[in-house]
Amino acid sequence: MLTHTYQTILRLHHTDAAGVLFFAHQFTLIHEAYESMMEAIGFPLRRLLAEKTFTLPIIQAEAHYTHPLFLGDRVTILLTVDQVTSSAFRLHYHLRNQDHLLTGEAKTVHTAIDPANRQKIPLPPELKACLQAST
Amino acid sequence: MLTHTYQTILRLHHTDAAGVLFFAHQFTLIHEAYESMMEAIGFPLRRLLAEKTFTLPIIQAEAHYTHPLFLGDRVTILLTVDQVTSSAFRLHYHLRNQDHLLTGEAKTVHTAIDPANRQKIPLPPELKACLQAST
Amino acid sequence: MLTHTYQTILRLHHTDAAGVLFFAHQFTLIHEAYESMMEAIGFPLRRLLAEKTFTLPIIQAEAHYTHPLFLGDRVTILLTVDQVTSSAFRLHYHLRNQDHLLTGEAKTVHTAIDPANRQKIPLPPELKACLQAST
Amino acid sequence: MLTHTYQTILRLHHTDAAGVLFFAHQFTLIHEAYESMMEAIGFPLRRLLAEKTFTLPIIQAEAHYTHPLFLGDRVTILLTVDQVTSSAFRLHYHLRNQDHLLTGEAKTVHTAIDPANRQKIPLPPELKACLQAST
C-alpha cells in the first residue's frame, strides 16, 4: 500500500487560546497531506473538481490526540493507505513533532461519487492501482 | 444607505495562542455580517453562486483593531453601505463587544463580475437600489 | 444525561471549492455547540482557561458525513452527553439541515487535566453533576 | 530594509464555494510569511509569547486582490519591511502564483506592546535593527 510523507509547521492560526493546536485543525493538516499525496500520484484535487468525472468526499473521519502541538512545531505527517475497497479507501495518518514524538493520529474514509448526482461509483482503476502500490 | 446589524459570539476557533481574536478572523466575522445582509435584502450568496449571472468578489479589504476580543465575547457588527458606484460598492463594519466598546473596524470593496469570464459588469439595478435604500 | 441544542448557518468560509461544507469545519461547528453548552451549564471555557484549575482537551474526535451541507443552510446541532467517567466524558452531536435531514454526526471525548502539568485529574463534581443531569 | 520570501500551496481549505481563495485566508497566508520571517531573524513568535516581554499585535491590515488563486496554485509571498517607527513597523506582501502573476498584495502594521497591560512600548532595538537590515 502507498505511503506518503508531508511536512509542515504549526502556525499561529492553528492554535487557540489554550495555547496549543485547536483540535479541528489537525483535520485540516492531514487533509493537506492527502492533497499532497493525490498530487504525487497524479490525481490533483483541482483536476478532479474540474473534470467532474468523480470526486472523493470524506464520509468518516476520526482523530486521536496524544501530545499537544505548539506554535512553531515542525510537524511530519506519515500517510498510509489503510484499506481499499471497490468504491472507497481509508487513509491513516501519524503526526509527529520535531522530537519524533507521536502527537496524534487520524483516519479518513473517502468514497468515490459521481459529482452530478452524488451517487457512489467504483474507484477508477488507475487510482486504485496507485493507492495499492507499494512504495 | 443600507445598514444591517449582525450578532455573534467569539468562539475558541477565532482565538490564537496570544489569547485573543486572530486578526484574519475579524475578516471572517465581517463576511458573515455581509452574507447576513445579502440574505436580508433578497440576494443570498448561494443563489448568486448557483445562478452565475453575477458574483461580487472582494477586491479590497482593510481592518483596524482597537481593542482585543476575547473568547466568549458577544460581538455586534454594524454594517453600513459606504459607497455605491456603477459596478462596485464599499461596506464599512464596526465591531463592538458586550460593553459597547469599539473593538475594530473594517471595510470591503466588492465589484460585480460575470463569473464566466471574470470581467467587470454593472451592478444589477435591483441590488443597487437595495444597497442605496435608507433603512 | 444533558442535552443541548445549538443553531447556526453555514457560511461561505465553511465551504470549499467542491461547493459544500469542508469536512474539518464540521468539527469547528460542533465545538461551537460544545462551547454554547458549557456556557449554559455555568462553565464557560473562558473562565476555565483563566482560572487554570482544570481544562478539558479533546483526546478523541470522530465524524460521519451523511448528506452535504450547502452555503446558507440552517444547521441545528443536537448535543447529547453520551458517557461520563471519573475523569472524562463523551459528547455526541447530530447535525440536521432546515429540512430536518441528518447531515452528519460527531463525537468528542474530553479529559480533565491540570493545565500546569497536563496530567489527568478527576472531573470536578459540579461539572459531572451538570453533565449527568436530565434536561 | 529586510525582505523575506515564503512559499506555500493553495489547499482546499483556503478555497470556498466560489471556487477560489476565500479573501480572509490571504491574511492567514501572509501571516505565515510573517511568522517565517520572524523565525528567520531570530524572533520566533513562540518565544515572544512565552517570554512575555513584548508582543506585536496587528493594529491595521489591508489587502488587494488582483487575480484569483485556485486550488493547487504555488504561491510565492515576498515580504518587505515597509516602514519602521519607534514602536511599530509596517510590512508589505506581494503574492504571486506559479506563472509569476501578481494575485494580491497586503500590508500589516504591528505595534510593540507589553502583554501584561497591553500598553505600547518601544520596539526592542535588536528587532528594530533586524527589520532595518538590508538583505
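Labels A, B, C and D are assigned to the chains in the order they are written; within every chain, residues are numbered from 1.
The rule we apply is simple: a contact is a pair of C-beta atoms (placed from the backbone, for glycine too) under 8 Å apart; a residue touches a chain by one contact, two chains touch by 3 or more.
Keep in mind that what you see is a predicted model, and the values were worked out from it rather than measured.
Counting C-beta pairs in contact across A-B and across A-D shows that the higher total falls to A-D. Chain centres here are C-alpha means, and the one lying farthest from subunit B is A. With centres set at the average Cα position, the gap from subunit A to subunit B is 32 Å. Averaged Cα coordinates give subunit A a centre that lies 23 Å from the centre of subunit C. Computed from the mean C-alpha positions, the centre of subunit A lies at a distance of 27 Å from the centre of subunit D.
Under the contact definition stated at the top, the residues of subunit B that touch 2 or more other chains are 12-13, 17-20, 24, 28, 31, 46, 49, 70-71.
Subunit B meets subunit A in the complex at residues 12-13, 15-20, 22, 24, 70-71. Touching subunit C in their complex are the following residues of subunit B: 9, 11-13, 19, 28, 31-32, 35-36, 39, 44-46, 49, 70-72. Across the complex, subunit C is touched by residues 17-18, 20, 23-25, 27-28, 31, 46, 49, 55, 57-66, 68, 108, 115, 118 of subunit A.
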